[in-house]
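Below are two complexes that have chain A in common, paired first with chain B and then with chain C.
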Partner chain A sequence: MLVLIIQIGPDRFALDARVVREVVPAVALRALPHAPPEVAGLATWRGEVTPVIDLVRLLRGQPCPARMSSRLVVVDYPTPSGPRPLGLLAEQVTDVERIDERAAHDPGVTVPDAPYLGRVLRSPTIAHGALIQLVEVTALLPESLRALLYAAVAEAGREPA
Partner chain B sequence: MLKNVKLSVRLGGLFMIFLAAFGVFTLVAFRTVDEIKINSPLYRQIIQDKDVVADVLPPPEYIIESYLVVLQLLGDIDDATALRLYERSRALREEYDERHAVWVEELPEGPLRQALVVDSLTPAKSFYATRDQEYLPKIQQARAEQDPVVAAARRDEARKIVSDKLGPQYEQHRIAIDETVRLALAGSKRNEDRAAMILADRQRVMRWLAIGLVALALAIMMLTVGITGRLTRHLETATDAASRVASGDLTVSVAAESDDEAGRLLASIKAMTASLNSLVTRVKEASIQLMSTATQFSATSTEQEATINGFGASTAQIAAAVREISATSGELLTTMDNVRSVATAAARLADDGRAGLAGMDASMQQLDRSTGSISSKLSVIREKAADINVVVTTITKVADQTNLLSVNAAIEAEKAGEYGLGFLVLAREIRRLADQTAVSTLDIEQMVRQMQSAVTAGVMEMDRFAEDVRQGVTTVARIGAQLGEIIERVGAINQRFETVNEGMRAQSQGAKQINDAMLQLNEGARQSVSSVRELNSATSHLRTAVDGLKTEISHFKVSA
Partner chain C sequence: MTDEQIALRLAGRCWEAIGVRGDRSCPELVAAVHCRNCSVFAAAGRSLVDRPPPEGYLAEQTDNVAARSTRTRRADRSLLLIRLGNEWLGIDTAAVVEVITDRRIHRIPHRTSGALLGMVNVHGQLQLCASLHRVVGLDEPAARSPVRRLVVTRRDQEFWVFPVDEVFNVVGFGSDEIESAPMTVTAAIGTHTRGVVAWREHKVGYLSMESLFASLRRSLG
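Entry: the complex of A and B
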């Protein structure tokens, strides 16, 4: 299983490469007023208006630092009207890693507010064995936020038409 | 009438009158002597001598000798005598001519001149012509003839010439001469008579003059007696007054009644008496004052002696003090010399220091320039570092893009399944390369940053150093100026030292002079003491003398 390694603060997380559509540089975003702080804004990806979630703020409560290695990861987000692109803003998106799915374990602790944090596994390439936690894209957005975002996207998509 | 005429004028007038009278007398006497002086004894002597010569010698104007020689030649004579007679004949003729010329010059017109110059000349001339032209040739022929007969004949012819011609001519001449003699004697008699008459006349005049002179002398004598009498009277009055004054009676009064010498003498005696009167009065007063003054003087001189003794002691003390001053100023002079040499050494050191500072100043300025150059070079380095940063950024961007590409490639390859495996490996390699590049660029960036900070620090350090150097240069310049001032001041101090030295020397010399002067003063004080003592004794003498004076003065009777 190939995963995209992202770093948020001191911790490393991973995204399943199968849901990743493309990694692009962090471009300038159109801000969404009165949106929750996790929503970084709107971006255009391959002609499609894409909502962007600040993963660093979501996970650590701090805005993502504007670094060169801070990139936008476009993933497929399943919606009732089919999969839609969702932008995730994260730090040090520079590496992919092939991991053994069998070495992944349940963390044993379930945080009710963060259902998206999945299994943890030991990195095969990093000697000291820092743990990597998988992030489940499907459980990433709460219901209210999902409705808000894609309604807004629908509105935004309609506007230029 | 002659009362107010001065005695000298009166006597002078008398003398002048007498002199005039005597002058008239002398004039008359001299004129008489001048007119009759031919009869003086000396004149008579001279005339007598001339008479003797005239009586003895044949007179040249009378040709009697020539006639005698002619007769002598007729006689029987030898040749030598004949020659002598020829010679004599010639000489006689020359003598006659000479004397006759004299008489022609001398004689005044008159019968005497006619007789001598004209009447006697004609026969004389004929006589000499006959003798020289006829007679003498005959005689010579007769003497030259050998034949006695012929010689006798010639002699006869000659004798005939004498009797016929020469004889009558001589007679004629002699008559003229006799007439001349008669005339001359008559003139002489006339002159003698006139002389006697003049003499008698003048003797009468002189007799009257002598009578006049005697009368004049008598008059003068009488006048003199009169004058002397007046003079004697006045002198007696004066002598009387003077003797009274001499005996101390100053109350005498003299009446001066005339304005001549005697009158003035009396007036003078009167004035003198008055002066003496006041003088003696003043002397009496003065002698009293002098007595009291002498007493005071004695007291004062005693005090002065004591004072001078004190003064001598003081001068001795002053001399000692001046000697100390002299010694002290000598030491001070030595000290000043030392100080001056030290100051001169300091000035020399300061001079050296200034020269060193000048060199240092140049070095500082070089250093300043060098730091400026280094600063500019560091700036260049900083600029280059910025350039490197730009390049590194570009490389980083490229590495970033490469990484992104490789990540996307890996994801795409995964999605391709089995077919993407090779590509996946390739993507991983690319990613590693990008990572290495990124790491290298990070290193470069790090190094450049370090270099930049180092350069910045270096630039700052250099700036600070340059500032320090600048301050150092300023300080050096200031120190140099201060050293210059020090040198100048030391020079000025040197000059002042010179002045002080001069002053010290002068002071030392002056102290020595004061010392000498004090010694002299001391000596003077000693002498003064002895002088004061002498003065004391002199004062006592003076008192004695004033006592004597008072006694003497008391002899004078003084009119109030």
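Entry: the complex of A and C
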């Protein structure tokens, strides 16, 4: 399976390339007041209002720094009304790698608050077998947050352009 | 190398000390040969983009990303573009075996009428060679093109070789980009094309190999 490698701090995470729509430079975001801290805001991606999650914030607790290398990974996020774009703010989105899915192991530790953290495997190429953890996009948002974000999108979409 | 080792070497700008721009004493050089193949150097390159964006960059990217992408072309057909005189034509790559250099075409006695030119030696096998110009109703060029090539085509077990005045490249097109041939296309081309596609400033006739091969088979009689 083909994965997009994202490095956050010293750790590497992988996103299934099948759900990735596009990787674009980080853009100016419209803030969502009172939203949880990992919600970076709303972006307009290819004419669609897209909620953006700060992946660095979510995984490391500090906001994604504004750098030339900061990227917005747009993924397909399944919602009851079909897949919707979801932006993931990250830096060090530099590699795409083909991995053997069978080599992925259960991490042995499940974090109840982070159901999106999936299986772990050793990279065949990067840094002599660094451990990579798969991030499950479908489990990325808790139910309450999902409802909130896509409600915010519907509202933003109603505003005159 | 671990991340810590990389960070340490990065800070010391090792490529200037022990790498190819230094005394070349780095043990990594044995396997890497040159610093550019080393993960430390790659990390150094990456650190160049790890700086704050210049003014206006964010706004510019925001506009770029917000803009609807210009129709993303889904190329599901690939055509080998060839030139006959002033006409550009496309052959479905599925029908192309190879493009070979111009070589002698051996005429077959008493078989000089129609499109058949003779036989050519393709890797030791004699294959029938026909004039695509004549089949599609174009004049053969008075002077032989300096970039003339022979295109070997195949449909099932049937092979045909065509001399063409130029071979450009393989270009991808989407099925929805194929338009019906305009009236200006000569009648003979029209019967052997499935439509035209726009390529640069040209209209490229998409050759129907089915009709082409059928016509050639008939001409063999």
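Annotations
Everything below uses one rule, namely that the second predicted complex is superposed on the first by the 159 of 161 C-alpha atoms of A that agree within 3 Å, B and C clash if a C-alpha of one lies under 4 Å from a C-alpha of the other, contacts with A are read in each partner's own complex, and residues count from 1 in each chain.
Here, a residue touches a chain if its C-beta (ideal position, glycine included) is under 8 Å from a C-beta of that chain, and two chains touch if they have at least 3 such contacts.
This structure is a prediction, so every number in the text was calculated from the model and none was measured.
Of the two partner chains placed around the shared chain by superposition, chain B is the only one that A:Val23 touches, whereas chain C remains out of contact. When chain A is checked against chain B and against chain C, the one touching more of its residues turns out to be C.
When both complexes are overlaid on chain A, the residue A:Val111 reaches neither chain B nor chain C. Touch criterion met: A:Leu4 reaches chain B, while chain C stays clear of it.
In the superposition on chain A, A:Val96 contacts chain B only, with no contact to chain C. With both structures placed on the common chain, the touch criterion links A:Ser69 to chain B and to chain C.
In the overlay built on the shared chain, the residue A:Gly47 is in contact with chain C alone; chain B does not reach it. Overlap of the chain B and chain C interfaces on chain A: residues 24-25, 68-69, 94. Of all residues in chain C, only 1-3, 6, 39, 46, 49-53, 57-59, 61-62, 64-69 touch chain A in the complex they form.
Across the complex, chain B is touched by residues 2, 4, 17-18, 20, 22-25, 68-69, 71, 93-96 of chain A.
Considering their complex, residues 10, 24-28, 43-47, 66-70, 72, 91-92, 94, 127-128, 130 of chain A touch chain C.
Residue ranges on chain B touching chain A, taken from their complex, read 396-397, 400, 403-404, 407-408, 410-411, 414-415, 424, 427-428, 431, 435.
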